[in-house]
Amino acid sequence: MDKQYATDFTIQEMIVVAGARTLPDNKVIFAGTGLPLVAITLAQLTHAPGIVPVFEAGAVGPSLSRGLPLSVGDSRTTNKANYLLGLNSAFELTQRGFADIGFIGGAEIDPYGNLNSTMMGAFPDNYQSPKTRLPGSGGASDMACSCEQTIIIMVHEPRRFNEKLNYVTSPGYLDGSPNARWNAGLVGQGPQRVITTKAILGFDDDTRRMKLIATLPGETVRSIQDATGFKLIIPDDVYAFEPPTVEEIHLIREVIDPKGYFVKKTIKN
Amino acid sequence: MHWTGLSPDEARKFTADKNKSKRDKRKSLHDAVQEFINDGDNIGIGGFVNSRQPVSIVHEIIRQGRKDLTLSYQSAGLAVEYLAGAMVLNEEHLNIKRMEFAYWAHEAFGISPLFRYLAENSKLELEDWSNYNMSARFKAGSMGLPFIPCRSPLGSDMIQRNRAKVMECPFTQRPIMLLPASHPNVAIIHVQEADIYGNCRIQGPLFTCPEIAMASAYTIVTCDRLIEHDDMVRFPNRISIPFFAVDAVVEVPFGSYPGNSHGVHYFDEKHIPEFRSVCEQARKGDYSSLKDYYETFIFGVKNTARFMDKIPFSQVQQVQKIESGSRLDAGFTVLE
Amino acid sequence: MDKQYATDFTIQEMIVVAGARTLPDNKVIFAGTGLPLVAITLAQLTHAPGIVPVFEAGAVGPSLSRGLPLSVGDSRTTNKANYLLGLNSAFELTQRGFADIGFIGGAEIDPYGNLNSTMMGAFPDNYQSPKTRLPGSGGASDMACSCEQTIIIMVHEPRRFNEKLNYVTSPGYLDGSPNARWNAGLVGQGPQRVITTKAILGFDDDTRRMKLIATLPGETVRSIQDATGFKLIIPDDVYAFEPPTVEEIHLIREVIDPKGYFVKKTIKN
Amino acid sequence: MHWTGLSPDEARKFTADKNKSKRDKRKSLHDAVQEFINDGDNIGIGGFVNSRQPVSIVHEIIRQGRKDLTLSYQSAGLAVEYLAGAMVLNEEHLNIKRMEFAYWAHEAFGISPLFRYLAENSKLELEDWSNYNMSARFKAGSMGLPFIPCRSPLGSDMIQRNRAKVMECPFTQRPIMLLPASHPNVAIIHVQEADIYGNCRIQGPLFTCPEIAMASAYTIVTCDRLIEHDDMVRFPNRISIPFFAVDAVVEVPFGSYPGNSHGVHYFDEKHIPEFRSVCEQARKGDYSSLKDYYETFIFGVKNTARFMDKIPFSQVQQVQKIESGSRLDAGFTVLE
């Protein structure tokens, strides 16, 4: 059967498709709230039915067939779960090495994959009166630290991609120095992929700085660099990412998030 | 070291001296809040975001008013938003002084308008932790340990904004974080089922409710259903909080509404956005809808039963329908 | 109804009766294996139905009406329990302050209530080839450390009451110096009573050395001191302990331990 | 620091690199022991004294023979006594090198004759811990922590005989013990119920079985009953060990006999004293009864089913009768 590509999709739908396709089958995947939740569900419904989702509130390996959870702690995360205690148990098994991949979002990122989800404004000086106070770490920083790998999903805008973060909530490769994570006492290997509304990005093996891997439909190397507040490494083998299929967009719109809880028509800033 | 709530040595002494006998602990919600929650308390809040949050207890705290509260929790939505709304309306009646926390927002329902409002206007003393940090701090408290080690978030700026210490592990010679125990003055917890002595049976994620209850000096529990003690102890493996960690038990059906109580009711996807929207208006400077909301749904009602009377029946039916299933032994409602 | 005293009882039966009577009602009592298990059951059947027993394997507050447990981890400890996880949970709640009294046995004791249940022989020199290897601490040392108070139950023989122990397994008042337990980092207050086959003993408030409180039937101050390997403090108000009643002996023999698992006719050394 | 089994960093890497997919893990007991237990291994032993000890796995280890074992457990009876008996009979076939433990005896059934024999004759390297120490060491391992703090037994001589460290708590300035994590090479666990993927449902005390399974590099589980996966996941709150912590599942009815399996059968109050008595004779220098016992009940049978054939039926009936009751939902057998 030939694949049919969708011609009408939003950038949020694109990012969910890109995120889902990045997830390998049969791995234990610790999913943060928001778009990761949608992408993991899409992956399960397409190429990766053997994914074992873990939610920080306690559910391990549930079937997500009862509707999109509106929270990583709600009833829909618990259906046919294979383990179900609480937050401590979920994070402990992650610290122990049972979570292959952490799948998280963030509001601001730097070239080393460090993330900010705490505040915009001068830190530490204006901590008590930030320009914008964000919701806070939640479990994202724990996943970034202790899942064996992390995949980051975020909106691609210049103001979100900065050489220096306002506040480091979730550690990536820290200052990029050799073995920086090991030396800091971290156990996971760090971010492998950053999936944005414009590109698939990775990290250079030596410098640990962000590099472009693939351009999403409608984007070019130039448009992506222009939307990034720091210089990206652009290897020779950058490729164009395969567009969403009709089936993928159908699943997102009709099956996974019909009410548009996480996948909005437009992205609010 | 600056302790909020009780220090580990104070908490140990408090619990050791306590009457731990098995006795009827039913009280009215009014009396429980009156007796166990004081101005200046550090309150440990159960639930997770908008699931099994102790909404009815929070409404009663708001009705009675309390000053200079410290709120300790990992991720909260409604419980903290309701307290914040009361503070925005009248700081003389109720105010939050400090928060030790990881996340305040509503996930799919959006960010917290009142958190932005209070934080961006320097109204709160904030201590940043991760979800695991706060869960582990309660766990250390529940275990009677002054601290617990943790591997995250080493390398983050949070360490500058909290009381964790980084030390070299004496066994592996690698850095490790030590998190100070949390011992709130009082835990407020909503569960599906409890007996009159305070034993609690939880369905679905436990969140960090058992640890918060065991760590705190006092614990107030509301439950959707009060069940017979004989039924409770037929399944001892199902008891998540033992009676001696509980000081007051109140049967409050819909005690976590409009949030989710697993196997009892789902989120009210209509009421939560409505409440959030009046909060958003307040953030933007228009307090009238917020004031109306509080007068209608909190100050204008005596208790949760009267609060529920104000909710259209079709909405209540809908949140129950989503979670309906077969009620089996050992307190399990299984959706087929 | 007048009490009828038993005329025929063994010293093990006497010690069980003395142990049971020492337990207050409505307290959380962490019971070690052996005689404490029998004594706690007798107390529940007589003056203290509100005792909340805790067993280290996990059971909290069970009804002991299904027969004498042969182990603190067997099925009979779980009947109608009010909490039932595992060893960590039982010891954690003890460390937290939820266990009012720990009720333990020991093989050797010193004047400060320190106990040995590890080995007889020279320590540390002959640790690898002790004269007698005992079963080991089990949970007794944890109870001795972290229950708010402890009550010790043991056979009264000169070789078991020594000024200096072969090996300190379970801390009592350590060297007896002021605040020795607090200074060592311990949270519980230490041993309150030692119940033996000959006497009820306590500890002097100042010196923390063992003192005689009551003589059991058939014993005198002299016979007790003669059976003790160190000098006891003998206050003026030593009294004669009330003998076992017919009812108490009946309960032990016919109801609690009819097969004589823990309460043997004769005591083996 | 000298680590037995895996170090915390080795254990983390081992588990991170492991295939954690949900797949059928049924094996024969012979193959499971052959594949996962090697000479020199540190073995984490589940159960508590004589309850839910992994007796059938131990019998198979004895049949196959293993050298230089380290045994890690809190309190054990039968499992360790059986291994010790094999060592006493033929050290070339099986020997215990080291034990990290708190208690080895049989409670009501008496002390362990073979422990006295081996320890008093310098045959074992011993590390003394308390029950809580060993439980907490497994817990630290299961949590991915290199150590866990503990308040007992501070002040004891055990600290001279183990690898705990005492430090000043940086928050309270009081002394506290730090216990190094335990990561055995392999955990051997018996439970009442498991599914083919390795999810385990335990009734009664959990002992430290979940922690040992999560801490170890490999886990072999025997179960009294293999149940349908669909039944298992109807009650996720009842799952004590998740599938990805288990490497082999073997259905072995009476896998902990002659010990107690809660809700399935009680102790065999006849067989345990019989076995203990042949051990006592060996301690006193007469090995013939011990040899007969092993030839009859272990070497002379292929598996646990054939072992049970050697037990008088009336004895089997009796141990089951004591634990008979109504089998309800969620794997609970409730004695009425």
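Residue numbering begins at 1 within each chain, and the chains themselves are lettered A, B, C and D in the order written.
Throughout what follows, a contact is a pair of C-beta atoms (placed from the backbone, for glycine too) under 8 Å apart; a residue touches a chain by one contact, two chains touch by 3 or more.
Predicted, not measured: the structure shown is a model, and the values here were computed from it.
J.: Between chain B and chain D, what distance separates the C-alpha centroids? Give it in angstrom.
T.: Taking the average C-alpha coordinate of chain B and of chain D, the gap between them is 38 Å.
J.: Hey, how far is the Cα centre of chain A from the one of chain C, in Å?
T.: Computed value for the inter-centroid distance: 57 Å.
J.: Could you list the positions in chain B whose residues touch two or more of the other chains?
T.: 144-145, 150-151, 169, 174, 176, 204, 234, 237, in rising order.
J.: Would you mind listing the residues of chain C that make contact with two or more other chains?
T.: If we look for residues of chain C contacting two or more partner chains, we find 59, 78, 84-85, 95, 146, 187.
J.: How would one label the connectivity among the chains shown: line, ring, star, complete, or other?
T.: Drawn as a graph, the chains match no named shape, so other.
J.: What are all the touching pairs of chains?
T.: The set of touching chain pairs is A-B, A-D, B-C, B-D, C-D.
J.: Give the list of chain D residues in touch with chain B in this complex.
T.: 1, 7-9, 144-151, 165, 167, 169-172, 174, 176, 178, 180-181, 202-204, 234-235, 237-238, 328-330, 332, 334
J.: Mind pulling up the chain A residues that touch chain B in the complex?
T.: For chain A paired with chain B, touching residues are 33-34, 55-59, 66, 70-75, 77-79, 84-88, 91, 95, 118-119, 123-124, 127-142, 144-146, 167-171, 174, 180-187, 259, 261-262.
J.: Would you mind writing out the residues of chain B in touch with chain A in their complex?
T.: 48-51, 74-75, 101-105, 107-109, 111-112, 115-116, 119-122, 125-126, 128-133, 135-136, 139, 150-158, 160-161, 166, 169, 174-177, 204-211, 260, 262-263, 266-267, 269, 322-323, 335
J.: Quick one: which bits of chain A touch chain D in the complex? Just the residue numbers, please.
T.: Residue positions touching the partner: 26-28, 50, 52, 59-62, 78, 80-85, 92-98, 100, 146, 148, 187-188.
J.: For chain D, which residues are in contact with chain A within the complex?
T.: 11-16, 18-22, 141-145, 197, 199, 214-215, 232-234, 236-237, 239, 242-245
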